Amino acid sequence: MRAAIIGGTGYSAVELIRLLQHHPYVELETVISHSTAGSEMDSIYPHLTNIIDRPLTALNIDSLSEEVDVIFFATPSGVSKEILPKFLENGLTCIDLSGDFRLKSQTVYEKWYKKSAAEQKHLDSAVYGLSEIYQTAIKEAKLIANPGCYPTATLLALIPVLQHNLIDCDSIIVDAKSGVSGAGRGLSLGSHYSEVNENLKAYKLGKHQHIPEIEQILNQQSGKTSPITFTTHLVPMTRGIMATIYASLNTPVKTGDIIDLYQDYYQDHPFIRICKEGIIPTTKEVYGSNYCDIGVLADERTGRLTIVSVIDNLVKGASGQAIQNLNIMNGWDVQTGLEYIPLYP
Amino acid sequence: MRAAIIGGTGYSAVELIRLLQHHPYVELETVISHSTAGSEMDSIYPHLTNIIDRPLTALNIDSLSEEVDVIFFATPSGVSKEILPKFLENGLTCIDLSGDFRLKSQTVYEKWYKKSAAEQKHLDSAVYGLSEIYQTAIKEAKLIANPGCYPTATLLALIPVLQHNLIDCDSIIVDAKSGVSGAGRGLSLGSHYSEVNENLKAYKLGKHQHIPEIEQILNQQSGKTSPITFTTHLVPMTRGIMATIYASLNTPVKTGDIIDLYQDYYQDHPFIRICKEGIIPTTKEVYGSNYCDIGVLADERTGRLTIVSVIDNLVKGASGQAIQNLNIMNGWDVQTGLEYIPLYP
Amino acid sequence: MRAAIIGGTGYSAVELIRLLQHHPYVELETVISHSTAGSEMDSIYPHLTNIIDRPLTALNIDSLSEEVDVIFFATPSGVSKEILPKFLENGLTCIDLSGDFRLKSQTVYEKWYKKSAAEQKHLDSAVYGLSEIYQTAIKEAKLIANPGCYPTATLLALIPVLQHNLIDCDSIIVDAKSGVSGAGRGLSLGSHYSEVNENLKAYKLGKHQHIPEIEQILNQQSGKTSPITFTTHLVPMTRGIMATIYASLNTPVKTGDIIDLYQDYYQDHPFIRICKEGIIPTTKEVYGSNYCDIGVLADERTGRLTIVSVIDNLVKGASGQAIQNLNIMNGWDVQTGLEYIPLYP
Amino acid sequence: MRAAIIGGTGYSAVELIRLLQHHPYVELETVISHSTAGSEMDSIYPHLTNIIDRPLTALNIDSLSEEVDVIFFATPSGVSKEILPKFLENGLTCIDLSGDFRLKSQTVYEKWYKKSAAEQKHLDSAVYGLSEIYQTAIKEAKLIANPGCYPTATLLALIPVLQHNLIDCDSIIVDAKSGVSGAGRGLSLGSHYSEVNENLKAYKLGKHQHIPEIEQILNQQSGKTSPITFTTHLVPMTRGIMATIYASLNTPVKTGDIIDLYQDYYQDHPFIRICKEGIIPTTKEVYGSNYCDIGVLADERTGRLTIVSVIDNLVKGASGQAIQNLNIMNGWDVQTGLEYIPLYP
């Protein structure tokens, strides 16, 4: 299968390149970049020297449609909604890592993204690529809306207890923390080393565009309309997301029973690892890998459940899950090309 | 006023030394260390070379009682409860930075600390040194139980809205994050550089000994008995604590009105700074200083209040507040010796 | 004495503000910023909230000349050479933290800075503000060219052995390492968190503009013309410079004897601390302070001397030394306003 | 081929596990640990959960000799010299990552390691496993002394110009910098997070045990006996080594010509990447990979050559090179199992 990446100088793109390099069934044909077309890849990313010896190219929709079978969009929000539909028309498979096709409602998109939305028919046909949950739909999809990094960590942690009706949907609070690579390679004071190092910052309180994405799925799973409280923090590290999630238990349950429930729920899903009782995962345990590790505590004192979920934001939170979805779409083993052991230390 | 520090090689002690050095009314007479008595201070902390040129000394309660007027205990839990009472009997003022005298109930101490408690009469007479809240009692105290770092950040953020009955006491969730210096200078895998760097970890879920400390004060303020959910995280940075606090609002309130309330509440307290609407504080803003910065958001969508509170764990969360309490006890300006501007960047 | 800072949003400026705040003889009257005039200081630097409550102002040379006695130029290279001379004409004292007046030769400036140089008469009258070495000239100066951060660490380490003719001037190699704050607050990929964190980089090999600055002083001290090899590295930390310096010994000398020599040389200079034999300083030992710590090893095996010198690049390497020079110019104790103990940890 | 690792809880061992997991020709049969035998691997390294589901075992030389064909010794110095010879006698292939068999002279070993040396006959038969340089001898070896991390970075950088007689052997100065993982997982104040973070430290000046290792090879290559100056620094990052190397050029040469020389020299060696003129490598470019990237500058002003060499200390500096050597010994493609693209960012 021949693939292309559009948006080739961002961190998600460079992570796609790393992961696709050893994928046995995919050949990366071309990397498209609007801003740096013509440059050699290794002049922009020296770590790719002697590995990817090819120039970045400009976008030509028609010729690209001839050359490849699948396109990964690693573009900022607002870009793929303009160009992706043309590739769909040309019969290509599209996996969009941006937020353009994740929300089903144009109104909601426009409210949270402050941009005009994609066409409704494409929002309708897009399949939300949370691999472990929507694999049946993913198999049939032509357009995958690859989930955001925070929603991936949050939803994989919440859906099992929500489906089992163990928690009160109206009580969900997500305190999420991310490494700085989630903010991308674009320059800003908020990613400037001396401002971020030895600093911890909460940002976009009540305004993060991942809020409606999480709520859309939670509401679909629970059948209710419950707003969540969701806070994001920037942690002085490059990779990793942790979601610490709080919810009231509907009835008293023991931690061990909840762990059993998660293990059952995810037993056929090799990328989800459930921690034993008393163990809470750390972000470094999944560094550079496609794993999502989940630990839980049901606290008798408070009647609340605490769930801690960790991923590598660039792998399971972006490029790894995109490839996982491609594997599912093609009927390949879900781990194909993704058997990376976490880098430790 | 002549002072001594017991527990002289820990980070709280070395921070006390830094802050006392320029205090106009306090002379640091001696630094006591059990484990390193006889060593020169600068052989243990080279940054003190030519500044503190004196050896650490062993503890002799009687002679020390002659030499000084006030003692700071920067000892691990379980130490001050043994030796502090003798200094009280000898008429000295004692400021204990450990947790030994913070909890009023021996049973609660023994449950959470897994150690035998101090004598009840000392627990009864100890004044909880949360400077801005208990200044009247602090003025009269002979024994100050200096608050823990997490409780300081949490309580200063919660008490104003609790006193005004704005939030539901049963809904309080505290998601706290700390730099690694809070774990002290003792060696452990959990403070080993390669394990901590590029890593984020939640720890002691539901078991942290600061939980009963926070609840004791909250319950006293609210008149109710409400367990809180409290989670601590270790962040790859040296200094800084952030408490992100969630609670349900009893009635809809605007963010601006809550900010006004905080500003009124803390108007005579120079170390508390309330952020303007839309601004949330970062830990680096208080680095090396005694400030506690607080930002709030009342979210209409969810009916919840989010409060973000930041301190330097070694200053306002330990040694700075200890000196602030000494200032209050002596009727000195509360900022005496503490006028440090945060180090930025 | 009334002071102003021009270039008020950079890290050197904000460090000047921190240090001047408690200086007993200096009143900071105004902070000038071209780019952000009219903004409140705390909107740009929230850590200054309630400390510096004043707006940044635009530059008006004539009115400013009335208002203040001394001006600190914390501007990028190429700015002070245009405006500083007018303040000199108006009789003000000028301390320039940029490189515009450090090099005596216009040709050399233009070669290394790729900009047109200041007028020769001002280059002639400027005094190089390496406080410990040129205090006699500094006392009489009206225009101080405050040294660069790397030259400060390097020259303080080399001058004692050079003056005693212990090393071969033609053999000097300086391997220098700096924290990222030295690159300032301006955005660049080289200061982008995810590019700098977990990374070590050598930069500007053979081209750094501090090379001629160091050579000018070394040649003046030795009476010879010797090019040095000088390499700079960017270390993933915010503050701190270390210069590891190598030179061939003219004759075999013992490490202890060289330490004695340094101690004699700097005995009246409280900011220079010489390490005992076997001790090599670390950058954290001087964090936030005006100290320069120096350690040496004379290696019998190789006949070479290794000198390690550390400073805080923003204090002794910039703003601290600027204030030290102001103290010298005014006959105040050299430590006035600079008695900060290093922040540790 | 069946393999075992002895010393299974250190960072080199865990990196061997990561790299061997996908090696097509090697099966990791067992991991031996003296201190933690009986523990599950994932209780010590949670990132290996569901990947390595086996307990660590105690050492039994005879049964282990039956079970496996090759043993990797990831033990502290002083251990393999005791036990490795018995495996040799039993006919196994041994790859020692410690320093026990690197030095040919017992006297030199004992001087620098302060321990008794291995038997001379084993020192004589051991082949120094610097893969690119000694591949002929490696092919025939039964005992590989895998090079140290600093020597790997240093020697790969120096040997091409030394063999071409371009530099003066007596002028070599190596200023080396390492991430903290090089110090291993053993607890020490020198690896304690709050002491290392925001700190840069030079250590073991003139005393590092890698000095004689480097000199032994350099002298063998040059035919001369020249002591080098070698300084190691600890950088606040987990992985990565940079060696900045200085030497006097015997005759003036252009940078471009030296780059050509390196490219010729290493043209058949895929793990060595030579930077284009004007480019100097950073440690992050090789993160998690077996590459060694080299950049050079011949400085006309000074007549000196500066060479910058970077590796990942745990891969090319330890476990990756060990596997590379195993590949060479078995006639497999040298990249087998090592095709990891650097993790960036």
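Points to keep in mind about this one:
Lettered A, B, C and D in written order, each chain numbered from 1.
Here, a contact is a pair of C-beta atoms (placed from the backbone, for glycine too) under 8 Å apart; a residue touches a chain by one contact, two chains touch by 3 or more.
Computed from a prediction, not measured in an experiment: that's the story for all the values here.
If you compare A-B with B-C, the chain pair joined by more contacting C-beta pairs is A-B. Seen from the C-alpha centroid of subunit C, the farthest chain centroid is that of A.
Note on chain placement: the centre of subunit B and the centre of subunit C lie 36 Å apart, centres being C-alpha means.
Each chain gets a centre from the mean of its Cα atoms; for subunit A and subunit B, those two points are 38 Å apart.
For subunit D, residues touching at least two other chains, in rising order: 11, 179, 181, 185, 194-195, 197-198, 236-239, 282, 284, 287, 345. Across the complex, subunit A is touched by residues 11, 14, 17-18, 21-22, 45-51, 181, 185, 197-198, 238-239, 270, 273, 275, 279, 281-282, 284-289, 293, 339, 341-345 of subunit D. Interface residues of subunit C, counted against subunit A in their complex, comprise 11, 179-181, 185, 187-189, 191-198, 236-238. Taken in their complex, subunit B has these residues touching subunit A: 173, 175, 177, 179, 194-195, 197-203, 205-206, 227-229, 231, 233, 235-240, 242, 244, 246, 280, 282-284, 287, 295, 297, 299, 301-302, 304, 306, 308, 310, 345.
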